[in-house]
Amino acid sequence: MTTAPAPLSGVVPPLLTPLTAEGELDLPSLERLVAHLLDGGVDGIFALGSSGEVAFWDDARREAVLEAVTGIVAGQVPVIAGVIDMQTDRVLQHVRAAERFDLAGYVATAPFYAITGPEEIDAHFRAIAAATDRPLWAYDLPVCVHTKLSAAQLLRLGSDGVIAGVKDSSGDDVGFRRLAAGNRAAGSPLTLLTGHEVVVDGAYLAGADGSVPGLGNVDPAGYARMHRAAQAGDWEQVRTEQDRLAALFEIVFQPTGKVGPAAGVGAFKTALRELGVVSTNTMATPMSPIEGEAVQRIRGILQSTGLLESARA
Amino acid sequence: MTTAPAPLSGVVPPLLTPLTAEGELDLPSLERLVAHLLDGGVDGIFALGSSGEVAFWDDARREAVLEAVTGIVAGQVPVIAGVIDMQTDRVLQHVRAAERFDLAGYVATAPFYAITGPEEIDAHFRAIAAATDRPLWAYDLPVCVHTKLSAAQLLRLGSDGVIAGVKDSSGDDVGFRRLAAGNRAAGSPLTLLTGHEVVVDGAYLAGADGSVPGLGNVDPAGYARMHRAAQAGDWEQVRTEQDRLAALFEIVFQPTGKVGPAAGVGAFKTALRELGVVSTNTMATPMSPIEGEAVQRIRGILQSTGLLESARA
Amino acid sequence: MTTAPAPLSGVVPPLLTPLTAEGELDLPSLERLVAHLLDGGVDGIFALGSSGEVAFWDDARREAVLEAVTGIVAGQVPVIAGVIDMQTDRVLQHVRAAERFDLAGYVATAPFYAITGPEEIDAHFRAIAAATDRPLWAYDLPVCVHTKLSAAQLLRLGSDGVIAGVKDSSGDDVGFRRLAAGNRAAGSPLTLLTGHEVVVDGAYLAGADGSVPGLGNVDPAGYARMHRAAQAGDWEQVRTEQDRLAALFEIVFQPTGKVGPAAGVGAFKTALRELGVVSTNTMATPMSPIEGEAVQRIRGILQSTGLLESARA
Amino acid sequence: MTTAPAPLSGVVPPLLTPLTAEGELDLPSLERLVAHLLDGGVDGIFALGSSGEVAFWDDARREAVLEAVTGIVAGQVPVIAGVIDMQTDRVLQHVRAAERFDLAGYVATAPFYAITGPEEIDAHFRAIAAATDRPLWAYDLPVCVHTKLSAAQLLRLGSDGVIAGVKDSSGDDVGFRRLAAGNRAAGSPLTLLTGHEVVVDGAYLAGADGSVPGLGNVDPAGYARMHRAAQAGDWEQVRTEQDRLAALFEIVFQPTGKVGPAAGVGAFKTALRELGVVSTNTMATPMSPIEGEAVQRIRGILQSTGLLESARA
């Protein structure tokens, strides 16, 4: 148990889970990756998110990740943890398993696989919140969950104290604007973080309090600089950083014949291996790592965006 | 471990999971439900499918269901078990936990939540098959999994001996016809069961070997009569049974404000409670049971389709 | 103006529109194609449907097609005409332009492009019906229209005398079963035709009155035999014909790099050219015709399904 | 014929089409609406777009709109015209009918209704461009067209001189960022306008050259101020204007039971009637106008965003 932390905002990358070539948790790489993020100036770390390949882990692996991450971070920044699963009871199991770690909150999606409606989604979030004193974040990720959380439902859950914030990866910038406006009108019960790493600048204008950028594993310092510029109202600097980060994001389009995390998380892992941060670009079963010419194209993008020289200088 | 059973065909209802009012597994109701199915003449039972609310159970509940069902069935008909989870490693855990039970095979979907492509889906099914000597069934359920398994991929997995059959709940009758034709051309490596309870007659014409009808929990005898009529080539009888069963299926459209299993499985449970087979229509958290006028409308349909009189006579 | 004809049922192929190499209407080919259909024993002809490439024609071409088709058919079987356009006013223009031809009815979709809801769809069909004494058919084609017509709305329009029938190309066999059951319960105000040429057998069992098979351009005699077998209750014969026609339908999957009518209608035109019925496989702008190895594969399927020998014997 | 105009950028509202209560073109209202836009400082006018209800008009109405609009505007700002139709030949007809008017370009979508692929879409835009000397804009509107134009295809068409710009209403802000970056890398062959009126600020940061805001009919001055602020790099002012316009946009969510243009365009027309700019809020057949309490809610939003007082002061 921990005292309820202050609301988390700023740059909170969804931490990758480095693996050895045999698919085991690679603790030395994880230490280097966390150091890379902390050196970059991130405001928090989100463990066991989609970018952390949470969907692929069994319970033991999830627990091992949380143990390692909280141990390495050691309170330097807040750590929040995904408790992603199909339906309420399994999510509650993940919460119970995580309560012994030093965590600043949990991140849960709406139920998935079995179809549910607003009534069940509401009951789902309320059941999770009732099981812990820690803040709960709603994760809006229709590309995986296949349900779009409505602004009205999120604002009601926020006003009722059920959720403390939203990680928006909905791809619906119009909806995000309406959520941000509704949140302000309601006295800002919710902290709003965007998960779309190439349009964080527009999200800041719309009212985002920060970002959860998968690409922030690769270039945490870039996202931190963009956040500070946004805080300072230096929008030309915000845009300059965002444009460079958008150019860097092209790494995820280099693999051919891959979709989903095999392409996106795979590109992040490959980039971090080329940068010397992690040891392999091994992915969770049943995904295979990126190989061949795509690796060279990723290196080229790292160089053209100024990351590889600085790492190898 | 069990010796590899003969291919399963005919009527294989996806067994509901009866609950007490407190949400616990209701063993007496389960015994009555299994007896209801066996009395109806089903050819097998599919435990831990979508209709069994598998998505809502933790591992202990899954194991308890398998222990109870295999104990009650006691070899009278084959039992196959769903090993449904997000990704490969968790599915393998479910397989390992189930190996001690008397099961005639496993049923797995493609990976879900995290997006995967054909390469990962192929590796997924091959990894599961490699972990057991029992037959593996592919469950094609895009409404939950959000991936449609292609006929080409299924036929290749069948010809390679990876999967023994397909439970098709894709809603794509054109695709099912192509799958059935391709299967015949390949020497019928696959047993094909349809999950769409109101068009089983057309599926038989197309080449289905049987059905996995959720509604078969309510009226197993109807599906068994339809199957025998199809085997005998008595298509007028097939159609007559199917039309009556389609009229019975209207129970799932009676709840208002409910979607997914809260409506469909909820209607099946409500009907079985009205028929005296199970004790409650309690659903898994976070779903609420069907109440009010919808229950009366469901009773009306049970009466108009001839089920309620026979039960209460 | 014509007196209201008897309801149309049976086999009503959506007539292709043969073109010269220059893209002009090819009247000699059209005459041969109509003769091919009449010789095959069709019960009616549907001109200006999707298979007739109606979406690609300007008003003059539409009128030329109707003039030619009604002239060639000359009352031997009923001809119905598609009046497909984005919204009501343009559909009404197509109706007015068609009133001078000998037509047994019109076929209209819900509005498309601009999004409309049930209220507008209802007003749309009522406005069309009010503009003509001829029967109106609702064309349920979500793959093009992106709206699924609900069974409840279709039955209400039928009971109100607004529409005389439905051409169902929705791909929703469960929904079609419910529509057929509802139609019988309402006294059969609607004639129901299926547009899915590879599962017509199942549609007959569900309650279809006939079919609108694009593939019926290629093998009208096969669909006519299947219809007569269904009428006679000879379901083994129904299935045998359907299986052969499903094997023939594989021609639409032979083109590579083509989608939509460029693949499907293109394959029908290519097959008919190889059968000597039409002179070219030219498609409407901006589509290119099927060429190369796909033509050889289509020929192979025509031979394996017994069509090419009989044509060239 | 006109000489090729300079590229159009800035605020280019998609002009509504005011109707009389009988559904006829309301010329006095159109004159007042155009004056409202010009007084507001717009940089151009887009006639016959989705907000202009183009999908509902027959050819005569389309021509009447262009005649009226170009006559009223009389060269004060450039006018571009939608040539929206299902497939190439009809689009070419619309181009030919429009050539006699003083227009600065045409706006076309990809083909719709009949499914087409990249090959046909490419041929479609090239055929339109070949038919006129005026600039051609690609209109990316998947919610109506059901095809997303890829950045790669748009950039190739731009580099080849086929299209001069893109009106992006795709709702894909990540894709828009990639398009903008690719455009800069290619030497900016394309002018990029966003159609999403509540996130124009983010689009400016991403690289938009302007906007095509339907809401700009209601508050053209607000969009003009935002554009000037963006040009000046005054991002706080940009955000302030955008937040107020986003609050105003809530008018489109006030109607109950309406979808698509019946809600959105209907709300714009209702607001303009309340502001005294147009005489009715009549919609094209088969849509009904907004009535009842929704009108009062729209008035309330006009007041809270400062528009109604200024109009009635």
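Every chain is named by a letter (A, B, C and D) in the order it is written, and numbering of its residues begins at 1.
Just so we're on the same page, contacts are C-beta pairs under 8 Å (C-beta built on N, C-alpha and C of every residue); 3 or more make two chains touch, one makes a residue touch a chain.
What you see is a predicted model, and the numbers here were worked out from it, not measured in a lab.
Q: Quick one: superpose subunit A on subunit D by CA and send over the rotation angle as a multiple of 5°.
A: To map subunit A onto subunit D, rotate by about 180 degrees.
Q: Determine which of the two chain pairs, B-C or C-D, is joined by the larger number of C-beta pairs in contact.
A: C-D
Q: Using the average of all C-alpha atoms in each chain as its centre, how far is it in Å between subunit C and subunit D?
A: Spacing between the chain centres: roughly 36 Å.
Q: Any chance you could list the residues of subunit C touching two or more other chains?
A: none
Q: Tell me the shape of the graph of touching chains, choosing from line, ring, star, complete and other.
A: ring
Q: Name, in rising order, each residue of subunit C that touches subunit B in their complex.
A: Those in contact with subunit B are residues 171-174, 177-178, 181, 196, 198-199, 201-203, 205-206, 233, 235-236, 238-239, 242-243, 246-247.
Q: Provide the residue numbers of subunit B that touch subunit A in the complex, in ascending order.
A: Touch residues, subunit B against subunit A: 50, 53, 55-58, 61, 84-90, 93, 111-117, 119-121, 123-124, 127, 143-146, 257-262, 284-288.
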